[in-house]
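Note that subunit A is present in both complexes that follow, paired respectively with subunit B and with subunit C.
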Partner chain A sequence: MTATAPAARKRSFRPRTLVITAVAWLLAALFLAPYLEMVLTALRPADELRDRSYFPDKLEWSNLVDVWKESSLGDNLQVTLLVAGGATVLVLLVSLPAAYYTARVRYRGRKWFLLLVLVTQMFQPTALVVGLYRQFYQLDMLNSVWTLILCNAAFNLAFAVWILSAYISSIPVELEEAAMVDGTSRFGAMIRVTLPLALPGVVTAVIFTFITSWNEFIMGLTLSTEPDKQPLTVGINNFIGNYTVQWNYLFAASVVAILPVIVLFAFIERHVVSGLTAGSVK
Partner chain B sequence: MSVKAPSSPAESRGRGGSGGRRVRHRPRGGLARLGPLPWIAPVILLILAVVVYPIVELVRTSFLNISIAGKVRGSAGTDKFKKLFEETDFGHVLLWTVLWTVVVVCVTMVLSLGLAQLFNQRFPGRRVARWALIAPWAASVLMTAIGFKWMLNQTAGVLNTLLIDLGLIDKSKDWLGEPGTAWPWMMFVAVFVSLPFTTYTLLAGLQTISQDVYEAARIDGAGPWQTYWGITLPLLRPAFLVGVVINLINVFNSFPIIWAMTQGGPGSDTATSTVFMYKLKETDIAESAAMSVVNFAMVVVLVLIFLKVSRWNEEDA
Partner chain C sequence: MKTAKPAESPPSTTARAAAGGTRAPSGLLLLSVLLPPRFTPERVKRDRRYRTLDKYRFIAGFLALPLAFYAVFVISPFLQAIYYSFTDWDGGATADFVGLDNYRKLWNDDRFWDSAKTSVSLLVAAPVITLSLGIFFAYMITAGGRHRRGQAVAGVVGSSFYKVVYFFPQVLSIAIVAVVWMRVFSTRSGLLNGSLGAVGLDGLEKPWLGGDYNLALFATLTVLCWSFVGFYVVLFSAAMGAIPRDLYEAALLDGAGRATTFFKVTLPLIWDTVRTGWIYMGIQALDAFAIVLVMVPDHALKVTPVFLYQRFREGQFGYATAIGVVLLVFSVVFSLIIMRVGNRDRIEY
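Then we have the complex of A and B:
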């Protein structure tokens, strides 16, 4: 769609564009298909679960409500909301000053700090979870929402620090200096001048942390052993093991767990890659 | 550095004003005198408490005798490592861990190259199509894995129905019940959830390649394949390498897919080393810690490769 492209060349590309469009749309549909099947299963009436039909005859919308009454997944949803919300707040409180200072000041040890952050980003909870379990077992802090908040926050800090400091670096320091000449403190300048301008970065960090903590599984599975203290991912997975699986209820809960996250992710999609690759791919 | 000919007294005392960037020094109470600490200490503390300390605890645990109830019963020396290495499944698990990681990452990278090329073209509805692509990235990997477990269900799974209707199989199969079919399906799911991130990384890489280079190639009469092999791929190298290493780390650690779909069973036939670690945790947490130490060592190697590849310190620091 380059405005400068001559009309003749544009027209000769048409059959190609058609093929590209068709293939791309087909692939996009394939990527969504598993989630569509999960939604369809969530809406299946219990007596149609064993039917070999692609679409249910009747849609049972009440499944989406009943699952929270018929199972204890409501407790798990509450844990997930608290953990994801708490971790997001904590990450923001802790990473914002650090990202700001690192973006603005060339202090001694800055490079080491960045290295520490980067290495943390690469370490995932899976390899450390046995250590985490022993640590919080000895502190008598298993089955606590606070423990999960701390852990989720720690493993998401790196992403937030990277993305925020990248954003803040791109905001001219002169803007703050002007405010500071007018008598505002450095902290005041950060809050009132820089922060509003860095808002896209803040939103990215917030949404990303929220989603990652929302989706987290292995720490929830390990650090909470009582069913009603476990996050939703763990609760849903237990649902499979416990009794004859009510797949419609299971997916009713899953849909509630998945859809908001996909929508939220769409807002930050363009910024995530640079954060995850620590700026090596922008 | 700040030694050379300070232009004003205020600036010569200014901390951190060295790297060419001018930060006005304003002596404002005690906070400023502490330097970077008040700003970065909370991050460091949280990382020390929740990322670094567990590593210490992990290594310590792997040298202890610990009862099922969690009581420490003295030192075990290197017994737990010996016990781990003598497990009949250990060799098998390591072999499959390597296969799992290598196969999933290779397939992901090749498919992502194609996807990135495709979604880099201009076509109507590109934004929406790209948006559909992120679903497996945004959704919890565990939920996606459970979704596939359901679709592969022997009695009512839609994939069984589809394969029967397409005439590819004649009767419904228990795909996850035996390792021979469980592995390929779990690898399929792992590739499926890895594609979006990888494709987006490569798309970002493609966008850094200037149109002028392509223009020049066209003028020189290079065909599409020549252009791709000679220009696109070499210039995509940095993004590609970063994608490979991050995927290696992610796929190696990808516990939820296997845990949700087979729990590593039957026996440990479909377990990777992280799943095996989790299975050991139920019987002997110290041995499980020994397995974790081995896993952690592998992650360290991968992280070192990442640091090499990512050029993180080439930034203007």
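Then we have the complex of A and C:
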């Protein structure tokens, strides 16, 4: 420690730090600009849409209200809420026991199970979409909220199991054993000891699943063809016509679609980092 | 030899069962398996057969559901896709087996090869650009700061703020990312051309999404990079944070500068994470479906998933599944290649 201190002091000159900070701020601004553009366009009056000015002369708040009347946005929002909520509940119910088991028991085929989880994570939904379409066509379940709930749950399962099992493995099994010595059943130990300790991991998995299902695009696009049965992400594209784009409505709708995501992300921002680390590094 | 084996095994199992405990009556055993564990009598618990069954009861309850889910919604569509790629299914009631016809058609379809060329360009360029930027930002965030007293490495001030800023596009729907950038790249009123004009670079103003192939490719790469780089910043800074500080201190003592430290200490130690990230990013680039479908005009550029989707919309389901199968095989081959190429001796620390 004492040896590094002089070396460190010699290296610390200001200009370099200033340049780095300036570049970092510039990059941050570049990364943030599109959001500002989205919000400003959402509030831009229709006759100013072709102007080049950064800021509109006046903000047209009524855009945010009109967009509901002009389109099936209300239905789309309802579909998205049901799909994201339903898929999240389903994923939690299914993945928690599997993750617990995978973390606690060295069963035969454990490696295979984790490998299966990883490999299916690599399947692009785009390549599977026709197969999914065929499956739900046969079941006569196209244009149904249930279909989207089930598909979103299936595609998020892998990530949830992965994160949760990493989280549960980090909780010492001795705590459960102690509870079992004191007379609780194995199930009781899982519910009353491990689960509360794994809560941050559970919250991360839940919010991640919710956000991913909320944002899902391609399955909504292919498995629902009726405009009022489509999720929000697909619905907003109806503002893009063949020749003109209703930019102000498009972005007013987009703002509605990303607000919940911003709020939820603010909640788990800290956990996301630790969750990702738990799942992927080492 | 083979016939001798089963003859040997029964005595050995009974021997183990005896060592493990007593044998309980079969009826009692069955009942105990069906009831919750707290009703299981002591003597049944000591039976080895009960323990085996108990283990499988656990597996059935905990793993059967996710596996069933996977089977129905991921594995089964996958198998169906393979099957229907050998048929002429067009959305009607019948699907006749046509052998390799769809694949033959694909091989001779120029539109497919054009789209494949674009997809491969993205597959090569996007991971290199995104991962390099991700590693650079992550290094700046974790080790780019001013050296403080007694610390060999320090992050820049406000590193968590940058992480959030970079990461945020990752939580947005890719469909919304695509519409936002469609506006940014718009020729007449777009943010990009507007800003170029404002700083006097009118010459660089371009009809980005006007129909030119190279400009559209550039735009697609920009958006891919913008939306994924934050994920890698977070991933790599976590990996870099896991490197023990004394390794940096030792490198500093030996007189290594920032660049040397990076290439000789940091990069080799996070290589496993980089390789995983490369595969993931490659798969994202190979897909790029929503970005291209929503943002890029059809006549400018097409990627293979969009080509697939258009065949799907036309009702050529058999043909579309064949494209999907080719796409899947290709992404698996890509992953295997990267795993092989990037395979070095793992460094333990």
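Everything that follows uses one rule, which is that the second predicted complex is superposed on the first by the 248 of 282 C-alpha atoms of A that agree within 3 Å, B and C clash if a C-alpha of one lies under 4 Å from a C-alpha of the other, contacts with A are read in each partner's own complex, and residues count from 1 in each chain.
Just so we're on the same page, a residue touches a chain if its C-beta (ideal position, glycine included) is under 8 Å from a C-beta of that chain, and two chains touch if they have at least 3 such contacts.
Everything numeric in this text was worked out from a predicted model, so none of it was measured.
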Exercise. Record, for the superposition on subunit A, whether partners subunit B and subunit C clash or fit.
Key: clash
Quiz item: Just subunit B (first), just subunit C (second), both, or neither: which does A:177 touch?
Solution: first
Practice problem: Could you look at A:69 and tell me whether it touches subunit B, subunit C, both or neither (first, second, both, neither)? | Solution: neither
Quiz prompt | Touching partner for A:113 - first (subunit B), second (subunit C), both, neither | solution = both
Quiz item: Which subunit A residues come up in both lists, the one for subunit B and the one for subunit C?
Solution: 1, 17, 20-21, 24, 27-28, 31-32, 34-35, 37-38, 41, 49-52, 54, 94-95, 97-98, 100-101, 105, 107, 113, 116, 120, 122-124, 126-135, 137, 150-151, 153-155, 157, 161, 185-186, 211, 214-215, 217-218, 222, 233, 236-237, 240, 247, 250-251, 254, 257-258, 261, 265, 269, 272-273, 276-277, 280-282
Quiz item: So in the complex, which bits of subunit A are touching subunit C?
Solution: 1, 3-5, 7-9, 11-12, 17, 20-21, 24, 27-28, 31-35, 37-38, 41, 49-52, 54, 94-95, 97-98, 100-101, 105, 107, 113, 116, 120, 122-124, 126-135, 137, 150-151, 153-155, 157, 161, 185-187, 211, 214-218, 222, 233-234, 236-237, 240, 245, 247, 250-251, 254, 257-258, 261, 265, 269, 272-273, 276-277, 280-282
Quiz prompt | Parts of subunit C lying in touch with subunit A, wherever the complex brings them together | solution = 36-38, 55, 58-59, 61-63, 65-66, 69-70, 72-81, 84, 89, 91, 137, 140, 144-152, 156-158, 161-169, 171-176, 179-184, 188-189, 191, 194, 197, 226, 230, 234-235, 238-239, 242, 249, 252-253, 273, 276, 279, 283, 286-287, 289-290, 294, 305, 308-309, 312, 317, 320-321, 324-325, 327-328, 331-332, 335
Quiz item: Tell me, which parts of subunit B touch subunit A in their complex?
Solution: 15-19, 21, 23-24, 26, 28, 32, 35-36, 38-40, 42-44, 46-47, 49-51, 53-61, 70, 115, 118-119, 121-126, 128-144, 146-151, 153, 155-156, 158, 161, 192, 195-197, 200-201, 204-205, 208, 238-239, 242-243, 246, 249-250, 253, 255-256, 259-260, 274, 277, 281, 285, 288-289, 292, 295-296, 299, 302-303, 306-307, 309-313, 315, 317
Quiz item: Considering the complex alone, what residue numbers of subunit A touch subunit B?
Solution: 1, 17, 20-21, 23-25, 27-29, 31-32, 34-35, 37-38, 41, 49-52, 54, 93-95, 97-98, 100-102, 104-111, 113-120, 122-124, 126-135, 137, 150-151, 153-155, 157, 161, 173, 177, 180, 185-186, 211, 214-215, 217-218, 222, 233, 236-237, 240, 247, 250-251, 254, 257-258, 261-262, 264-266, 269, 272-274, 276-282
